[in-house]
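Input: one structure, supplied below.
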Amino acid sequence: MKILYFAWLRERLDRAEEEIELPPGVTTVGELIAHLRTRDEVTDAAFERPHLIRAALDTELVEHDAPLGSARTLALFPPMTGG
Amino acid sequence: MKILYFAWLRERLDRAEEEIELPPGVTTVGELIAHLRTRDEVTDAAFERPHLIRAALDTELVEHDAPLGSARTLALFPPMTGG
Amino acid sequence: MTVRLLVSPFDPGAETNRFLAASEGAGAAVTFTGLVRRTSDDPVTALTLECYEALAQAQLERLRDAAIARFSLIAAEILHRHGRMLPGEPIVQVMTLAPHRGDAFAGAEFIMDTLKTDAPFWKKEETGDGARWVEAKGEDDARRARWD
Amino acid sequence: MTVRLLVSPFDPGAETNRFLAASEGAGAAVTFTGLVRRTSDDPVTALTLECYEALAQAQLERLRDAAIARFSLIAAEILHRHGRMLPGEPIVQVMTLAPHRGDAFAGAEFIMDTLKTDAPFWKKEETGDGARWVEAKGEDDARRARWD
């Protein structure tokens, strides 16, 4: 699955996107975030306030309990500040 | 005093303005309208629904009980429909 | 001139751009443009607005000042035409500028709602069957009363 | 295209005129323009908006369609820039057209309030001291919630 990062989350992780293989048992957005946090300290710290992280599966905004399903792209980002 | 008429009131009275001498005892807008109505049937009929007549003394909207005071111009007209 | 009575058509976008050019760092601008309506079931072929100019200028200036004070606007302008105009042409334009968008929206809506009932213009519609004065709508009084 | 993501500045008045030219007899048009703010106490020298384009396009199209349905609009358009922009430049423009002015105002305000919290743009401000991400404001959530 492709993961996209935006704004300060992109900067803190020092990457705009990556491809990851979903490990067994990871079926929701929240579980995937928890999985990413186990990877290293930088990633763990970047997600330390999960309520500040918004998610979109393909082109739909979703909550953390949303199933990843067959989506090709997950985007993770801070609260939006457009307009 | 100069009196101005607008919209259908102007059309029904067939005049856009006139000068009148205030008779003794006529001190408010409402009294002046009542005085005008005594003049002829056309004028009487034009003012037959006084609640539909708005008034302005010089460049101030006023109610019918407003004193004519030292205003030079009284405008009488139907409810406004701009915008 | 921040309140202008016009007899010729005006260019809505050019007026907005001129207004924005003086925006002085404000973040939010609202333009309302009222157009002569053209609907299939009510075929108005032309609209004539009668105007009491001295009172209209005074009323619209007071209304502009009231909107600026009430909604902390940086600037506000009102353009209003009178005379004869055709379907699709602009009748009125109100522009507001504020640090916050809620104030820019409210200021423009306040001006429009109040102008409808308090500024001395009278509309006469021409149709295929002749001409008739437009009657004031109770709905307009209700919208006006929201701001009291 | 009724929803456009742009990287270059746009001409607010020209966009309004183009939108009005297709007004099809509607009586009321509202244009909201958001500008890069310039204030003396907060000297932002430039603003960069990051954008997730695929999601932004989808979200703004949904939002436009929702506004049209909810407020019986004849038409609505949204323009939103991303990339780097300077104080005084336009960031966003929303245009609505309706038979009744209350709907044109409400439609534009609904789009702006919802766009602020639901469209994937992120602002980074440059000042003399460096650059910082703008934090989402609780006030924006409150304005958004008015429409639920």
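Labels for the chains are A, B, C and D, by order of writing; each one numbers its residues from 1.
FYI, contacts are C-beta pairs under 8 Å (C-beta built on N, C-alpha and C of every residue); 3 or more make two chains touch, one makes a residue touch a chain.
A quick note: this is a predicted structure, and the numbers were derived from the prediction, not measured.
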Task: Fewest touching-chain hops separating chain B from chain C - done: 1
Open item on the list: Measuring between Cα centroids, what's the chain most distant from chain A?
Closed with: B
Open item on the list: Counting only Cα atoms for the centres, state how far chain A is from chain B in Å.
Closed with: 73
- [ ] Could you grab the centroid distance between chain A and chain C? Build each centroid from C-alpha atoms only and quote it in angstrom.
- [x] 49
Open item on the list: Centroid of chain C to centroid of chain D, CA atoms only: how many Å?
Closed with: 23
Open item on the list: If a residue has to touch 2 or more other chains to count, which residues of chain D qualify?
Closed with: 34, 112
Open item on the list: Please output the residue numbers of chain A that touch at least 2 other chains, ranges allowed.
Closed with: none
Task: All touching chain pairs, where touch follows the definition stated at the start - done: A-D, B-C, C-D
Task: Residues of chain C defined as touching chain D within the complex - done: 11-17, 20, 23-39, 87-88, 90, 99, 101-102, 104-105, 108-109, 112, 143
TODO: Sort out for me which residues of chain D touch chain A in the complex.
DONE: 34, 49-52, 54-59, 80, 91-92, 112, 115-124, 133-136
Open item on the list: Taking the touch rule as given, give the residues of chain B at its contact with chain C in the complex, in rising order.
Closed with: 4, 6-8, 10, 56, 59-61, 75, 77-83
